[in-house]
Structure formats: structure tokens, C-alpha cells
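The first chain written gets the first letter, and so on, giving A, B and C; residue counts start at 1 in each chain.
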Amino acid sequence: MLGPNGAGKTTLVKCLSTILIPDEGTAIINGFDIRKQTTLVRASLGMVIGGERTLYWKLTARDNLLYFASLYKMPRKKIKERVDELLGKMNLLDRADERLEDYSTGMRQKVAIARALLHDPSILLLDEPTLGLDPTFSRQIRNQIRELSKKEGKTVLLATHYMEEADELCDRIAIINEGKIVAADTPDRLKAMVKETELVEVICYNPPQNAEKYLESLCPDVEIITLVRGEEAKGTPSRIKLIGGNAEKRIGTVVDALRKKNTQIISLNISVPTLEDVFIKLTGAKLTEGGRGTSQ
Amino acid sequence: MIMRPSETYSFRANLLIIWSEVVKNVKFLLAYPVIFVFWTIFPFFWFIPFIFQGQAFVGGLQSASFEQFAGTPDYIPFIVIGAILNGYVLTSLYGVGESIRREAYRGTLDYLLSSPCNKAFILIGKAMSESINGTMYAAIQFVVGILFFGIELTIDTIMPIVLIIFLLILGLYGISLMLAAVSLQFKQAHDLAHTLEYVFYVFTPVRYPLQSLPFWAQVLGKFLPLTYALVAVRSIMLLKQDVLAIYQEIFLLLVVDIALIFLGFYLFNWMEKRTKSSGTISHY
Amino acid sequence: MKRKDEEFRESRKILCPYGFTLANLKAEMRAIWESNVKEWKIELTYPISFTRQCIEPLIFLLPFIIYGLVLVGGRYSESLMHLVGTGDIVTYIFTGYIIMGFIGTSVWAMGFSIRKEQWYGTLESIYVTPTSRISLVLGMALHSVVHQGIAVLFEFSVIYAIFGLALKIEGILPALVIFALMMFALCGFGIFVSSLALILKEGWIISEGLYSVLMILSPVAYPLTVLPNIAQQMSKVFPTAPALIGMRSFLIENYTPEVIGNVFLHLLALDLAWIIFGIVIFSVTDIYVRKRGTLGKY
């Protein structure tokens, strides 16, 4: 599930895990109805939600896993072995008897994933599992997820707003916006919705004020024009993207229009579409907030 | 308006800090009216068992044995006055004393401590707002005490009682500052607040006269401002003594206040420097 | 040969037992025990807090005793003797006060169990496990009961050393049976309070309020007969009043119960009523909170 903050990904995860009761409708997990067979649904699922604060910081990693294993009603004889196995898998065996308050955020997230795997569920719900992690830990977590899906054959429902993560890991992606699924397909087919020839990127300095409206008036059949202003004082150029509607054929018009406004064009290229482009095309909004991709 | 550096430490600026804290904390209280009602009503629930206990053990509303220690056989008004003044202790310990911990929990502590003012004035602001709250509760409780529990209050006794309560509050400020100072370094401030509450609970004449305790316990009680405040207020209200008769209690209360406030400020400033250098100031 | 439910679970790759089976009951009991162990492990990382909480009941007991001694001018009260057949105020107060910590188990430890998990940040994590939520609350209760037990032993040692206590040794076992019956009802009450704490923002006020009300309505430091009639009637709804009367009957020589009636039957009826009431309210509240989506919010 790919979508910006507030799209409804976490709400959906909570509904599926029976924490929330949906207003309407139901879902079937491992053959069980989330409204009527809640215990069996919970027994079928492993979940990672809410980050590092969902563990007991005053307990060790081992104690946390032993406790949750009992809540998952695992057979007593198998618990210790299973906990050691998972700690080994997460490379935490040598620090298993240290309290979680002494762990880094990434290590705690690994323990959270280990907890989700205790009872060897066939389905995993992962809500933003790499949120707040540095690149190293993010890479490790993603590798774990890939292994769980490809090698162990688990069904993984991943909720994220990082498009690279979705692109890299997922067989199918549902793009969510404002509580609705706007598209659901394989990553390649989604990107094919934004055909190569329809995505043009202009890198420039000193784009005109209201560049988007200005260019829209000249290229009415281009579906979306977005501007990301760079910090020119620091040498970062601005980027103008044209998506859809024969954008490639409009290059000449765009270049002339920009030059008239004294815009200095650095480069012009036809970009490979990303999932963010797909999202923008489908919803007209940016996938991410903050420093990445804000419009003017 | 940007303040010049010399203005950030002026007396006027510090008064403004105190006022801002008072306004913020009173707004916070008004956002939770249930808390206001709770602190007004519940002190009565806590001393009602003692009233019934008295009736069961002595078979009436007066006790000759109690009079030998307390100077009055009327144990009910004795206890009611104790409960009302003890309310100030509770609002001090749990209101002010844990203020640092609450700021850390809310995530605002770093910003408070990086401001250029003397942090003790922030705490004084918090203490004053708790005192305002405490006085509102106490005023309502006194009215209830007069109507239902046999307390008598005349016009000429109001000012001395107000003075004594004011002095009590000053002494409690000192204790609150010490508690806040310790909570900067040691995160389990609520344990310390509870421990202080126990000390007040047992060693001050809230429920029984100080003379009923062993000698060593009486000595410990005499280091606490509540002891003198209770003796003085009860002398005025129950024993019908005038202010001159209790000058000793008022003087000793003042001495204890000065000592506690001085210790409080000193300890707070010392702890603040220490925790800043150790970098543990906002760990929660 | 595998049972049908075992085959079913295997086919769906579900490890845990469920439903009305012995295996599931054992698993729930184990979850209760492990919740208790978890709380102990966390508590013992705060040794100062643990020590303080063991001493606290004694601190709150002492003023009752000192006050009583001052009122009466000694240990023996004529008035109490006429009311309940014994005038020994220290033994009377002590036998009443030992249950106060267990009232705290109900309104605080159980009442705030869900809130405590919200504060830890772990509530949603434990809610997505197949263990019953009530088992989790009972686990916290077990921890608190053991905790209070330690505090009572400490209280007993100190009070016995300072004042001495006149208790009948042969009465301890039946008193413990009555105590156990009281605890079942208090558990039901505690489950009810925990559901209130889930929906009310300032749940601690409810817990403190209920604690104070129970304190007044229970004959901890005075017989029920000194209370107004309406309060005496209200006290019958809570298990602490009949329990204290029953326990004192067995523990104190010449004690005359101030209320006539069969304590055991009364407590059994209260057990049933409070447990059913608590579970029903908890279940309704659970659905309400899950519909509103406020479960993880503190």
C-alpha cells in the first residue's frame, strides 16, 4: 500500500488486525472474517506497527520475545528455541540480554519484526517498518522483508510512503489516497500508465514566477506540470516536470517560453517514470511531503 | 519586539515569566474542570473515615483524652482543618514537584531550559499557579467546614489565617524547588514526591496532635512548615487565641521558610548546572 | 490420532489453541502468569519505587492507629467493645486495613492496567495477539496481589513488633477463604474499572474516587453501624464489607458481627454479579473503543 501520510494505510492495517472495527464491510484473512472470527485472525497474523515504542523498554530483547510468545500461545517447549532462532536471524543474539532502552532505533525495529514472526504466521502486516531508520538499517530491514516474502513464502502487506521501498520489494502495489485505492497492479504496469514519452524533465535556473500556470496556458494538453524550486543560492537548480499529453512534442514550446522569461536551461531529459509520477498522474498531488517534491 | 540582552534578566522580565507560567497553568486547569472538582471535593473523602472512626471509638463528638493533647475535645474540626491545610502540601508536591517531569514528558523541557531566563522563576510561576489553585480549593473547603463540620470563623481571625497560609506556601515553595531540582537529575521524581508526602503524613499534626508522637518524631515534625501552620491556625480557630499568643509559631515558621527557600534555590541552580554538563537534562 | 481442531489449525497454519478447549484454557492461564512475570521484571528495574510501595501501606495505616490511641487514651475502647464485642483498637484497625491494598489492586492495578499499556506504548501490540484482553488485566491483578501480600507481611511484622496483635491462629485459614472470595468479586470490579479507564481521559480520578468511596463504605477502621443507614445499604453491594466482617469473626476473639447473615453466600453472590458485570461492560467498551479508533491513544 503506497500513499502519503493520512491516506488511510495505517487505518486499513488496524482494521485488518482487528484493532479497529471498520464502519462498513469486512475482510477475510486466512479464511477468517475480521469482524466475526477475531481470535483466529490474530492468530494468523504477525504485525509490525507503531515503531520502537511498541515494546517494553525496561525488558531485554529476549524477555520481550518470551513474553509475546506466551501471548501468541506458542507451545511451551518450542518457545525458547524459536526466540533464539529469531534473535540469531536478526543478528541480536549477542545483545539479547540487554534492555531495549540501550538499543538503537534500528535494533528495536528488528526486535519488533522478530516478534511478528514468533508464531510463524503466514501473513505479515508491516506498517512503515523503516520509518525513522538510517540507510543501513533500512537496507537490512528490506532484505529481511524480501527474504520473508520470496524464500519463506509469506504474504506480506507493506504500508509505506517510500516509493523506492514499494518499487523494490513489492509484487503488487495498491496506490491509496484519501481512503480509496486509486490503482492496484504490478509496479511495471503502474509505471506503464505514465508512458516514457510522456514524461519530460527540464532542469533550469531562474524559472519564472507562476511557472506552472504560465506553461499550462501554453501547453493545455499536457496533463500535469510541476515545479520543484531549487535553492539557487546554493547551486541547486529547479526542476520542471511535464507529464502526459504528448509532453515530448511540446518540448520546443516549453524551451522557447522559458527562454523568453530569462530562464537558464541546464538540461532537458525524458525521464524514466517513478511511482511518484504515477501517483501524481492519478491524484494530482505529491506522494511525499517536506523537502522532497514540494510544489511552490 | 526584540529584547536587548540586558533586559532579559531584569526584574520586570522575571515577573513576566512568573505571570506567563501562572496564566498557562491556570488555563490548563480550566481545560480540565474535572480536576478542579476533584481536588475541591476529595480531601473530604480522605478524612471522613477518621470522623466515623472517632465516633466508633469514643461514642460521641468529643474526647477528653484528645483534649489532653490537643487542647480541645472537638476532634472533628481538628481533623477538618488538618485536611484543608494538608491540601496545600499535596498540590505543592504533585503539582510543582513533578512539573519538570511533565515538561520532559510533553517534550517542552529542552525549550524551557534553553531560554535565557533563570529557571527558578519558571518554577516560581508554576508554584504560584498551584498556590492559586490550592487557595481556591481551600476557600471552598473552609466554607463547607463551617457549614457542616463545626469550624468557626470570625472576621478578626481571617487576616491572621491568611498570613499563616501565606507563610506555609512560602515554605512549601522551598520544598518544591528542592524536589524539582532533584527531578532534573533523577528521573523518578514521583517516588520522591510520594516519600515527602509520607513524611508530612506521619510527622505533622494533620490528624493527631504532634505531642502524641514519640520525641524523635516530634523533632522531625518541627522541621516541616505545615506543623507550625496547623498549630497556629488551630490555636486561632479552635482555642480562640489571638495572634500574639502564637507569635512563637509564626516566628519559627518564618525561620523554616527562609531556610527551605534558600536551600531550594541553591539546590536547583546547582543541579541545573550539573545536569546540563552531564547532558541528561531532558531524558525521560 | 489428531483432534478435529488440531487438524483444522494445522491446515490453516495456526499454532495457538482457541475456543472452549483445555489447551486454550491452559494457554490463557499461562498468559496471565507471564503478564504477572513481565510486570515484576519491569517493576524490579525501579527498586526505589518497589521498596516505597511495599512500605506505603504501613505509612497510611499508622495515622489510623495513632489517632485511635489518642482519641481513646490507650488501646482499649469501651465504645467499640459495645459495638462489636472487642475493644482492642489496634487489632481491630489492623485486620481492617490489610484489605486496603487489595482494594488498590482492583481500582488501580486492574483499573489502570489498560492505561498502563497505553502509556508503555504496547497496548496495540498485545491487543493483536490471540490472548483474551481480560487475561491481560488478570495478569496485572496477580502481580498486584503478590505485591500487596509482601506489603501486608511487612505491615504485620512492624505492627506486631511495636504494638502486638491479638489474633486467633485457627482463624487464619477460614479468613483466607473469605479473602479469596472477596478477591474474585474485586477482580470483577477491577475489570469494570479498567473499561472506564479506557474511555475516560482522566481515568485516574475515577480510580481515586472509587478507592475513597470503598474506603468509607468498608468497615476498615469502624463498624458499619456508625455509618448512616443509606451508606450501610450501599456497602452490601461491595465485597469488602461482608469480607471484613467475616474475617474478623474468625480472627478476633469475642468479635460480634455487626451484620447478621451468611457471609459466604453473600460473597458468592457478589462474585457472580461483579464478574459478569465486569466482563459485559469490558466487552462493550472494547467494541466501542475499537469502533472509535482511540485504542492506542494516551
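Criterion: contacts are C-beta pairs under 8 Å (C-beta built on N, C-alpha and C of every residue); 3 or more make two chains touch, one makes a residue touch a chain.
These figures come from a predicted structure and were not determined experimentally.
Q: Specify the contact topology among the chains shown, as one of line, ring, star, complete or other.
A: line
Q: Point out which chain occupies the most central position, where each centre is the mean of Cα atoms.
A: C
Q: From the C-alpha centre of subunit A to that of subunit C, how far is it in Å?
A: 47
Q: What's the distance between the Cα centroids of subunit B and subunit C, rounded to whole Å?
A: About 32 Å, centre to centre.
Q: Using mean CA coordinates as chain centres, what's the subunit A-subunit B distance in Å?
A: A distance of 53 Å separates the two centres.
Q: Listing for subunit A: what residues touch at least two other chains?
A: Residues: none.
Q: Tell me, which parts of subunit B touch subunit C in their complex?
A: 32, 34-35, 38, 42, 45-46, 48-50, 52-59, 63-66, 68-70, 75, 188, 191, 194-195, 198, 201-202, 206-209, 212-213
Q: Contact residues on subunit C for subunit B in the complex?
A: Touch list, subunit C to subunit B: 46, 48-49, 52, 55-56, 59-60, 62-64, 66-74, 77-80, 82-83, 89, 202, 205, 208-209, 212-213, 215-216, 220-223, 226-227.
Q: Hey, which residues of subunit A end up touching subunit C in the complex?
A: 11, 14, 17-21, 23, 30-31, 39-40, 42-45, 47, 49-50, 53-56, 58-59, 63, 66-68, 70-76, 99, 115, 119-122
Q: What does subunit C use to touch subunit A in their complex?
A: Interface residues on the subunit C side: 12-18, 24, 27, 30-31, 34-35, 37-38, 41-42, 45, 120-122, 124-131, 136, 287, 290-291, 293, 295-296.
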